[in-house]
Each structure stands twice: as C-alpha cells, then as structure tokens.
Amino acid sequence: ADPVEITVQRFFGTCDADWGTNTDISKAIGECGIITSQINKFAADNPDIKVNVNTVEWPGYDQLTAQLASGEPPDLVTIHESVLSDYQSKGLLQPLDEVLKSAGVDPAGFTAAGREGVTKDGQIFGLPIDSHTMLWHINMNYFRKAGLVNADGTLILPKTADELLAQAKQFKEKVGKPYLVQSMANEKGAFYRAMYIYLTQMKSDFFADPTHLKLNTPEAKKIVQLFKDIYDQDLTTKDQDYAASLSGFTKGDGGVLLNGTWVVGDFDALSKAQGNALSDGYTVYPYPPVFGGTPAYWSDGHSWALTKKDRSPEQTAAIQKFLKFMADTNFEWARTGHLPAQQAVIDSAQFKALPHVTTILDIAATAKPLPAQVRHQFAVNDIIGEEVAAAIMGQKEIDAALADAETRVNDLLAN
Amino acid sequence: MTGANIGMVRPRIGDVLIVLLVVLAALIMILPIAWVIALSFKLNQELKLDTNAVFHAPYTLKNYLDVLGGSNVFRWFLNSVIVSFGMTVGVLILSSLAGYGFARLRFPGRDILFVLVLFGLAVPEQAVIVARHQIFSMLKLHNTYPGLILPGLAAPFGVFLMTQYFREIPKELDEAALLDNASRFSIFWKVLLPQTIPAQATLGVFTFLGAWNDYLWPLISATKKEMYTITTGIASMQTNFAQTEGLGFLMAQAVFAGLPTLLVYLFFQKYIVAAVSGRAAR
Amino acid sequence: MRSATAHQSDLKNGIFVTPFLLVFSCLLVIPLLWGAWLSLTKADLFGPGKFVGLANYSRLFADKVFLGSIVNTLYFVLLTVPAFAVCGLALALALNRQTRFATVMRAIFFASSVLSVTVVTLIWRIVFIPDIGLLSNIFGWLGLPQVAFLSSPKLAMPAIAIATLWWGIGLPMMLFLAALQQIPGEIYEAAALDNAKRWKTLWHITLPAIRRTFVLVLIVQCVLQFQLFGQAQLMTQGGPNNASRPVVLYVYEVAFRRFDVGMGAATSQVLFALILMAALVQYVVARRKEESR
Amino acid sequence: MALIELKNITKSYGAVKVIDDLTLTIDSNEFMVFLGPSGCGKSTLLRMIAGLEGIDGGEILIDGRRIDPLPPGERGIAMVFQHYALYPHMSVRDNMAFGLRNIGVPEADIKERVTRAAQMLVLDNLLDRKPSQLSGGQRQRVAIGRAIVKEPKAFLFDEPLSNLDAALRVRTRVELAQLHNRMRSTMVFVTHDQIEAMTLAHRIVVMNNRRIEQVGTPMEIYSRPATRFVAEFVGSPAMNFLPVTTEGNQLKLADGTVVGPSPRIGTASGGAPLTLGIRAEAVALGAPGVGGLDAAVEVVERLGDRTLVYSRLKTGALIVAEAKGDSALTADTTVSLGFDRAGMHFFDADGKACREMSDA
Amino acid sequence: MALIELKNITKSYGAVKVIDDLTLTIDSNEFMVFLGPSGCGKSTLLRMIAGLEGIDGGEILIDGRRIDPLPPGERGIAMVFQHYALYPHMSVRDNMAFGLRNIGVPEADIKERVTRAAQMLVLDNLLDRKPSQLSGGQRQRVAIGRAIVKEPKAFLFDEPLSNLDAALRVRTRVELAQLHNRMRSTMVFVTHDQIEAMTLAHRIVVMNNRRIEQVGTPMEIYSRPATRFVAEFVGSPAMNFLPVTTEGNQLKLADGTVVGPSPRIGTASGGAPLTLGIRAEAVALGAPGVGGLDAAVEVVERLGDRTLVYSRLKTGALIVAEAKGDSALTADTTVSLGFDRAGMHFFDADGKACREMSDA
C-alpha cells in the first residue's frame, strides 16, 4: 500500500548539510539538528508513513496564516504557545484531547507551564515540547574581578533595585565594562519579558482582564525606571542588536547578558574551551527578584499543533504516532537548553545532568505564560516591548510610553 | 561625444576631483558587497568572536557547502527559473500585444483604458495582496506555477514601455505592410515585433530580475516546500535568530541568492544599459 | 465607414489589448476594488466579514502609530526622492562620456539594483550593525565613536534611506544618462563659443534640457518610495519607537499579523490615494510650469 | 485611357478640410507629378489613392472600377515611401517577397519576379543584405523593387528623392525617368521640388491650399502658368513680380516709369492694377542708361554656366536677371534691365493669369 | 590682410588622419567657402578654427596672434551651426544675449546690440518667442543674430542652409550674401553643395580626402578646375568625362572615333591616355549625321529655361548636353553631339589638369 502522507511544518532552520541523514538523535546538537534528527528517526521507524517536512522562516506565522486562509494548511505545525490562541480562537486548529488520548500521551504528564500554555477554553490545542524563559547569563571571570562573589565562589546577586544599581556601579569601576549586556537595537524581546517577569513577581496582574491591558501602574513604572537608570548611567551596553549582544557577551563586553534559555548550551561549550572571555567563567541564574514578591517567570513554549482539515483515519493515526514520538523524545529536545515539557523528563537524572540545569530548574515550576485568553500575543509583546524600549532609551516619557502601550494594545485587542 | 572635447586644451582640477568623487562613490557601492562576500568565506565560530577576522586566514567554503547541502536548493532554483521565465515570457507577450494595440490601433475607449493602465503603476502591491490571495484561494492557484506567475503579468510597466516603443517605430512601416497585403496580426508579428527586440530585451531582463527577487507573494502563495522559490527557500533555511547561528552562513546565503541576478546583469549589461537609456526616458 | 483604411477606430482592434486587460482587471483592478470593499468591513483572513461602514477609517485616523507612519513615510520620501534625483543626476553628469572608465563605473552603480530586498537589507544590516558591522569596524580604525544607526530614532530612517539609495541609484542614473545623451552636442559647442563656463553650462543648458526627465524621475521615485516596506521590515522592524515604520509595514502588520484585514485594506486605500495625489501633483505642477514658460 | 479617376474627392481632418471637391484623371502609362508647397495636401491625396487614408466624399476609380471601399492591399497599386519603409530585419530579397508571400504567390514565381526586378535595378548582388547595409540610393532602389515585383497597375511615390543627397538625387531622377521609359507603367509622384516635377513629369498637378491650381505638361506650366502661384512656385530662380498699371497705351510701374506698351488683355484696360511677372531669363542686362530700367546691382551669383544678377529698381523691387556664362558685373554697380515682351505674364488681383488677346 | 592663417595643420581621430599638413590663409572681409564631399574634413577644419576640436600639429593665427591654445570663447569668432543649436528653453532675446552676459557686457549694451541685430535681421517681433515657435528660416536668422551680437572677428558657418527647404534656401542664400555686403566681415562657410559655394564665395577651398584640391574664385574653379575631382564636383549637371587618346594630331575616343585635333599639352603627346572633360553647355546638339558624334537620346529633362538631354554614345558613355529654353528632342531619337573646343578640359591619369600650351 502507498504510505500515508502527513505534512509537518516547522521553523528552526535547515541544516541538511550536517544532519540531513542523521537518525541518531542523541548525536545531534542544536535546535535545528535535533528536530531534523527527530523527524528523520521517526520516518526511519515508520516506513509506512511519509513525512513531508515544510521548513519555514522563523516564526513562519505569515505563511501559516496564508496557508490557513487558502485552505491548504500543513497537518502539524510548530507554534508558540503564545500564538496558539490566535488560530484557535478562529477555529482553525483541531483540539488534541482525543488525539493525544488515542496516541497514549497523557496531558497530565506535561509540566504545569506546558499544560497551561496549550490549554485554551478547557481543551488542549498543542503538544508542548518545551518552556523557555529569560535568564541572567553571567561572566564569572568579570564578577570575580569585580569582587561580586561570595567566599564559596558563588555569585552575589542583587536583592533590590538599589543594590543592583550599586553592584553595577562597582562592577563598572572594577572591570571597566558595563554590568549588563542587552540587545536594545530593534529587539523588543528582552524588554517585554523583563516586564512580564517582574510584574508577575510583584503580583501586578496586568492582564486581569485578558481583553484589557493595564500597564500604567506604579509597579510597571518602577521596572522601567530601573532599566532606564541603568541605561542613563551607562551601566549597560547600548545599541547592540540581538546578534551583536550575543557576540558582545562572548567577547567580554559586560557582565550579565539578558537572554533566553536557548543559549545556555552554546555558552557552556564556550566556557569549557580555552582562550575566550567565558573560559571557566560562565554560569546562569534566573532573574533576581529585585522588586521582591514571589518568584515567577514569564515563559513561552513551543508546541506542535494540528490544523483543522479533512483527514483519513490512517492520517490521523500517523499523526498520533508522530505526536507520541515527539513526546517520547522530549528529553533530546531539552538538550537544546529549553526546559522540557514532560514532567518526567525534568525529574529524570539524565536531564539534571545537563549543564546548569539545577540553577534553572525552579523555573519549570514557577514559569508563567500570559493568560491563554489574551489574543495576538506576539503583537501585544511587540507593542509593549517597543514602548518600554522607547521609555528606557529616553525617547519617550515613562508615563507616556506606558499609556501608549495600554491604548495600542487595548485597541488591538478590541478589534 | 563632441561636448567632451570642449576645453580639452588643458586638464582641469575639477575633472580630477570629479573622478576622485566618482571612485569614492564606487567604493561605497562595492564595499558592502565585498564585505559580505568576505564574511561568507569565514567560519561562523570565528566571526562570532570578531568580524575583523575576515582580514586573515583561514577561509572556508563550508558556508557554501551548507547552502548547497540544503536538499531542496536545486529544486528551488528550478522553481525560480520556471517562474521567472514564465513570467518573462508572459509579460513579453501580453505587453507586446497591448503595446501594439495602444500605440497603433484605434478602438473605442482606447485612451481611457491606457490612462487606467497608467494608474495601475501607482497601486502598491500591499493594496491588492489580500484580495488577490483570496481570489487565488478560490481558484486553487496557490502552490502552483501559474499562481506564482500570474500576478506578475498584471504589471502595467511593460505595457507602458512597449507602447512607447511601438509609437517610435515609423508608421510608414505598417503602411508598407498594409499595401503588401499583410493582415493586422502579421503586421504585428512579422514586421513590427522584430523591431522591438531591444525593448523586449530590457523588459525581459527587468521582469526576470523582478520575478527572481520577488519575496512577499511567493512567501504567502507558495507555501509548500517543493514550491518555494530560491528567495523564499533560502530565507526558510535561516535558523531563528539566524545571525547568531552563523554570520558566515547567512552571508553565503545572501551571496548565493544575489549571484544569479548579478550574473544575469553582467551578461546582459550592454543591452540593459542601452535599452534603459535609449527608451524609457521619453 | 465606407472606406477601409489603416487608421480607423474599430472594436475589433481591441483584441490586441484584451489579454493584458483581462489579466490586469482580474489581478489588479478587481483586487483593488475588492480591497476598497474590504476596507468597509470588519474581517479577518479566514472568512467573510461584516459591513462596518467607515469605522475602519475613523479608527485609523485616531491611531497615533498610523499617523506616525504617514509622517515617517513622507519623511522617507523627502529623504530619498530628492537624493535620488540629485545623486542620479550628478552621477549621470560625471559618467556621461564614452570612456572605458565611465562604462565600468556605470556598471558598478547599476549593479546593486539587481539584488533583492532581502539581500540588500542583509548587506546593510551587516554594514550598520554596531560592533561587528563594516561601519563600526571602519569607525574603529579611525578612532571614532560607534554610531548606532539602526537603533537611534533619529538615524534609523536616514540609515534605511542610505541603503535604499545604494540599492536604487542605478535607475535614475540611467534615465538621466539617456536624457543627457539626447542633448545635441552642438548646443554645448554653441555655449562654449558663448564663453559659458562649466557651471553656467550646467545651469543654463543642461538642466533646462533634461527638465522632463527630472520630473519623470521624481514621479517614478515618489511612487516607488511611498511603498517602502522590505527595507524597514527587515532592517528595523519599524523601530525604534516607531520611528521607521512606514505605511506599508503598518498595512502588513495590521492585515497579516493582527488579522485585521478591513483596517489593513483601509490603510491601503489611504496609501493609494496618497501616492496618486503625489504623482498627480508633481505632474500637474511640471505641466503648468512648462506651459507658463 | 483613364487609369485612375478621382471624382469630387473631399477629405477633412477633424474640422480642417485638407482636400476640397477635387476631380482629376490620371492616364494609363502616364508619369503624373503632384507638385505643391508643404502641407498643401499632396501626400493626403496620394494616400487616399493607396487606401491608407479614407475619403470623406467622392469616388476613386481604377480601370473604371470603384476601389475606394477596398483595403489598401487589394487596390492593385504599389507605393514607395519617403523614408522607404523597408522592413529593417528582412533581407532585400525578403523585403521584395513579403507582399507576394502574403497573397500566396508560389515560391518559384516569387523567386523569378524578384530576380527579374533585381536585375532591372542592378540589385542582384545585394539580395542578401539587410537594409542597414545599403547606401541611401540602394535603399531607394530596393523600395522601388518592392513595388515592381507586385506588378501593380500604378506606382505611387511620396517624395522618394528627398532623402538623398544632391548628387544622388540627380542621378536617381534620371534613373527613375529611364525606368518609366522602360516599364511604361503609370506612376504618380509627389514632390515639393519643382525641378523634380519639371524633369520627371508628363503632366504636373500643381496644388496649393486644398485645391488644384493647374494641370498640364511641364512646359505648359512653366511658360503658361495659370495662376500667379504657379508662376512663382515653378522655375528657379523664382519669377520676378512687379505691380503695374495700364495707362492708356502704357504699362507703368508704381513710380510711373514706363515699362512698355500695355498688353491687350480681356479686362478693362484702363488703370486696373495688374501684376507683371517676368522670369530671370527674360530680363536682359545692359549698360546703364541704354533705355531699359536702371537698377542697382546687389548680389551677383555665378553658377558657372550662367550668372544670376539681383538688382534693385528705384521702386524698391528686387529683380533677378540671368546672364549666360560668366558676367563682368559686380555688386554696387548700376545696370539697365530690359524686359522681353514675349516673356511677360500678367495676373489680376485674384492671381489669375490674364492672357493677351493675340494669344487667343 | 590675412585674418586667419592655418599653418601646416594636421589632425587625426585615433589612427585616422582627417587633415594632413594643411596650410591656408583667409583674408580679412573675405567670404571663404569650404566645399567638398561629405566626410572630407570640412567641418573638422572649421571646428579647429573655432576651438571645438584640438589640433594635432601646426598653428592657427588670427590677426597674427596664435589662438590655437585658447578656449573657444576667447578666440573672437562666432559660429552658426547646421542645426542652429539654439538654446531651446531661452527666448530669442536670451539666446542672443547669453554670450554677452557670460563675458559681463553691461545690460544696457546688450540690449542695444540685440536690438540692432534683431532689426538688421527683421527679428524685432520675435524677440520673446522660444525657438520652437519659429519657422526654419527664422531660427536660422536667430542663429546668425546670436553670432552678430558678439561682433566677432570672423563668422564660421557649418552648412547652415542644409536644413532649409529649397525655396527658403535660395532666399536665405541671397540674404546671407547681402548681409556680408553690408557687414563686410570675414565669413567662413562650409558646404557640400556646389551651388551654394559658387553663389556665395569670394574664394572657394575645394577639399577632398584630407587635402585641399584647389583654392580659387568660383569662376576659376568652374572654368579652370585644377583636378578632375574639382571639375566633376563643381557644376550641375556634372561635367561629362570621356577617356581619350591622342594619336598623332588626333584626339580619339576608345572606339577610335575622332573628336578633334589633339590638344597641345605638356606631356608626351603620343598615345598617352587622357580624360577629356566637357560641360553640358559646351556640348552642341545637332541633327544626326551633321558631323558630330551620333548618340541615342535616353532622357530629356526640361527645366523650363533650359533642357538637359542625356544621350548615349556608341562607346556606351552617357553624355549630358544643355540646350537653352525648351527643346523639341524626345527620348529614343538620335542626335549628333558637337564638342566646343574651348570648353574641353584634359586630365592625366592622376586626375591633374593638363593645361594647353596656348594657355600658358
């Protein structure tokens, strides 16, 4: 019989040159390598299923939108949990509860963050594969030089905003470099994420009403003010874009890089090599709760979603197999630096043995995505990021920026 | 030119200055491309530390091998060739026919229609893209070659160019052919069309380049990997936050995507320059 | 008509333009009208919308970001269009000779025009990027401080304009070259005999002779630059602080990222009207000037 | 033997009438030239015969058959255009064959006809060239060849020589005349150059301002111009004109100088203002005071075989006289002009010629 | 009174020499015409005088002062171009004033000079028009006006009449001659039309192939051409040429027909091949068998004041003869041609004229 065809659409790039034929997932490195190898392995294991892989440019939603609009979507698609609701609310996605059940994947085994991320209106719309959040990536060599280490060699983290500023100043005096390495040029990511993290920690529920943002609050102001102070006092690198901040940190431009879980692997590898700024001096921490409150960390996650369209039972079966396979190999995906979405993987010794995992493990429990009902999260994030960035860099008054963010987001959500 | 000879009696400081300025400007034109090409021959890891590394060895072809290693690159290349050629041929046919019609024949409403077509020049693609996408969905044209080719055929520029060009061919030629018992179509086909070859070449090259470089429409219409063009295909190879993964790789992609058009340009350069300068300005 | 001749109006003659007009109507006119209708509806991409009258337009003109994007677009047009005209003319003047040098230079200045926007922006990001960019390297050697082109609200648009200029300078240069080559050499000789020096000749002979081309270049560039999209999206994503968000990018984000198709369509109509107006105004002004002369 | 008959033709472009109720017959084997100043409607007339322009009124007949409703290709005529209108991308051979192929003449036939025409026009060696590889004169011959192969009832030429340089023009003129002698076919030729018209035509149609001024043989036109316009337009240098009056028996200039006895013409001979026309060769140059009209020489043009002397009468009129061979005269001297009685023409106020009684 | 002196001028374009060691003097107030076929270097020579082309060797002097290193504007000369080269966007007034403004002539002065020139050229009413609103002849006058206002030492004209239609050309020719009479300034005029040259020049420089063939007054050039080229190029219709040999005392054609007694020329008179040149007006037409050379008439061109008869000798040579007035001859008849002894010219194998002894 002809093999059953399913179409799988994903981002994460193409790396056929390195991993195009690799079926040994454990050998693969990096997001692209691992996901390529995962799919290769699945195809090898299931000769009766033909997997058409459609690779799209990150994040691929323009294309997905077009495909859905034209009625020719792929079957399975990688999707950020924050974006799920956009498509789900239009009825474009297939609930997965039944599918997962038949596949033998129990949603109860998801991490809390993962489960929350894919659950919309009480139904599950995606197979979560990871959670990711922001971290402080630390250049320990500089921190030692700045005297910001405890006797046991561990890092002294600031506990309040003032402390943070003081430490940063001390750092700058001793090391001659800025404390923070931030990507500020046309990159909105770090800012909205910092906002979400600290606002959540301060329990300022900016999306109490998921259709209405409330951002012009004292808490929000405090956060923006802190970053503005850092910026004004030259305690951060400026004008670097995303790439420049990464390479800047590797070159030793500053002490703390604000970036995501996904770069941990790279830096860890660097720190084990000799002759660079991070050699034997790299570690990571969650954002220190400098405004008090309870630990909570914004998170998002990647998931596999299923589009709504007519399928044969064979295809559905194939899809079930695929999802099951992805859930089963979730550990391999976690090697990218992301937190896995399967609680069992988190609990496994294998996972804990990965570099720096212990430091960030708590995050899995305290990760907090935006409420699922908030629509257009990518767009909302962008707006908040833009406005906050403008305020931090002095292009706008803080109040005005927060107010503008509010109006823009609310106008967006109202339509 | 005669004008250039005037005052050749003594070389002027002004002339030297102009040459210097031109060379400087040319450097500005070339430098970015040179920079990109240079980066594309460097290992990503090295560039991550310092882009100044381009000034010393080692150089590598790995980035290009990686581009070529993408298993679909040749398919995308083929798609681009098919789409670009298809669009070029289509535009040439439609524009020539319409150019002849507008320039040479009288029919009711001709002038109004021509003005309407000229208005089309001012329509931004974004103003029609949503509706066009919906129409193509209804007609099931997405992920097909016609779906990629057709939108290019509606471009009024070719009609404008060909009309201008046909207008410049002496009317006596039509009349001679008319006295030679030639039909309307054979006047067009056998007598006038051969005169428009330079214009066809220009229009052809421009259409080809435009089709090759088109990005937005292929992105949302050809959503299956087998139907990507080289431009969207190469873009799809970029890893998220691509620059970090490999500046050299990214640059190799840029070079790879830009190379065919540059080659086409260099190959047809004489034609393009002559034709652009000969006709479009009038 | 009783007499069969070459030049009579006849419906049959229309057959030559029919194929193009068909494609033109189906793929441009109908979508344009469809877009006009969409602008009166509240619709997403996935199903029929509902009629809301002019609501989209009133929302639009209340939106600071949209108004800002119009200002940005106009600013960009002001930055680029005169620059295209002036630089294109300057290059054409410098290269209007039959030497090998001029030929090579013409090829160089036109070459960038054949690259796609993705490649161009990739190139220029690599030029402008701090730390690892070409400019920052050059500034480094010269001991100058780094300039953050793409992340400064003041410099972002000019930076995009520079990249655009680099990309598109070839076409106006060629158009001007064409016009220059059509000025009869005798007139320059007459001017030389009339003792006209270089600037006088430029001002009194050359410029008046290519006025029509100048207008053409202005109109063409206006139409093109009003449609700024790819460069802004790929180089700055409209930032920082919306300083480089042009109208088309706004359209794109609204329609494709927020699924607010009606609003996107409304924005498109406004843009179309703007372009048409700008082109017509220039055309009419040029016409009038010509007549009054 | 009328071959082409134009009956009451009218033609307007928009509101502008360019041909007004024109009737004309062109005979078989005749070389007919349309002569007139630029814009007088010559080309329009020719193109109406060819069918390239429609007519607004009247009829056109060829061989007694009405052809004005026919399309150009079916009228059995061939045309040679001013700029030749050769098909630039076709070889000389194909240029000639194109029309024959379009009406399905067998290839063997085509070949023969083309070869014959090429021999006649000495184009044998050029058959495979493209028009761009030919000289002006050769292109001209190809254009004629293209017409010849069609074996048309009539050839129409629209200023075919105006593109050639002076020497070639003279040579081609002679060749055209020889060709017509040889082929004996009907040719209609448009020009605004009177020398061409004079040298080529059997009959000339002088046109001006939408109308025919005169139809006649070259010598009729030259020596018995029907109107002042014709008198002025034909002949080089142009005829001299002087306003005169007849007083009693005397013909007087504006300042009263007597030119001779008054002519016996039909109109009331008393004091009616007339225009006297006289050609340069009818003006004799003598030493001053010999009895003619004294005039101051202003310009002397030596053409080698003859000399033109421009001199000014006391009335202020500039008169050109022709002397055979070289002349000793120089500018700024005075001469006496004698008008040959036989060479005098008279025109009334409307410009119509007045014939002397004795002529009638 | 030499005004312009060219000494040993050479000029090449790349590897092609267009002027080779040319020396020439143009006198003050002279009307000098450069005549020659297309491409012979006339324009180049003129443009070198104007300073629009550099010279590769030699010197150019005006008023005894060397000017070849000066830029065009500073040589004190004015030029009228073939296509006039009027500044299209300037009014007639500004066209004339432009050159004066550039050298800082006071506005009042400019105004006066422009007004004067405009009056002289009857352009008064056109001063505010643009060139595009003028007729060909008017443009021509503006171009001359633009030259006049500069009060130059010499005027240079590069085929200024070639763009005008026939009638206007004749009129403008006369006007130019009058203008020169009035202004008495030096004019250098380039043309390839021999009639223009003959009618306008004081002296003609006949050029061919990079060289000067002859310098002389129009009549010298016409009646004593120094070379066969000059003889052929000047005069219309062109001179007839026949290869002849002298045998004993007899001058014979190729077929042995005796034309007359052999000329007494310097070269060995026995059997040397010569070319006999004879102008149409020196060929007499008689009834056949009258004693001249029998010839078959092929074409008869009636020009009104004279008739050109083209007839073919038995040797195959086509001879043109001129008869005054109308002629009764028609094609396909036979005539007898008589050659006027005084009108015969002889040229040796190199094309150089051989003078008869009696002339020396």
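Letters A, B, C, D and E mark the chains as written, and numbering starts fresh at 1 in each.
Definition applied: contacts are C-beta pairs under 8 Å (C-beta built on N, C-alpha and C of every residue); 3 or more make two chains touch, one makes a residue touch a chain.
Computed from a predicted structure; not experimentally measured.
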Shortest contact path, subunit A to subunit D, counted in steps: 2
Selected interface, A-B versus B-D, where C-beta contact pairs are more numerous: A-B
Rounded Å distance, subunit A centre to subunit B centre (Cα mean): 39
Distance between chain centroids, defined by C-alpha means - subunit A, subunit E (Å): 91
Centre-of-Cα separation between subunit C and subunit B, whole angstrom: 16
Averaged-CA centre spacing for the pair subunit E and subunit C, given as whole angstrom: 56
Multi-partner residues of subunit D (each touching 2 or more other chains): 51-52, 71-72
Junction residues of subunit B, two or more chains touched: 2, 6-7, 47, 50, 133-134, 175, 178, 220, 235, 247
Contacts with two or more other chains, residues of subunit C listed in rising order: 6-8, 45, 132, 186, 189, 192, 256
Complex contacts: residues of subunit D adjacent to subunit B: 47, 50-52, 71-74, 77-79, 81-83, 85-89, 98-99, 102-103, 146, 150
Residues on subunit B engaged by subunit D in the complex (per definition of touch): 170, 172-173, 175-183, 186, 190-191, 194-195
Footprint of subunit C on subunit A - complex, ascending: 61-62, 65-66, 68-69, 86, 90, 92, 184-186, 188, 238-241, 243-244, 247-248, 253, 376, 378-379, 386-387, 389-390, 393, 395-396, 404, 407-408, 411-412, 415
Subunit B-touching residues of subunit A, taken from the complex the two chains share: 7, 11-18, 20, 30-32, 52-59, 62-63, 65-67, 69-72, 242-243, 246-247, 250-251, 263, 276
Of subunit B, residues touching subunit A in the complex: 47-50, 65-71, 133-134, 136-137, 142-143, 219-221, 223-225, 232, 235-245, 247
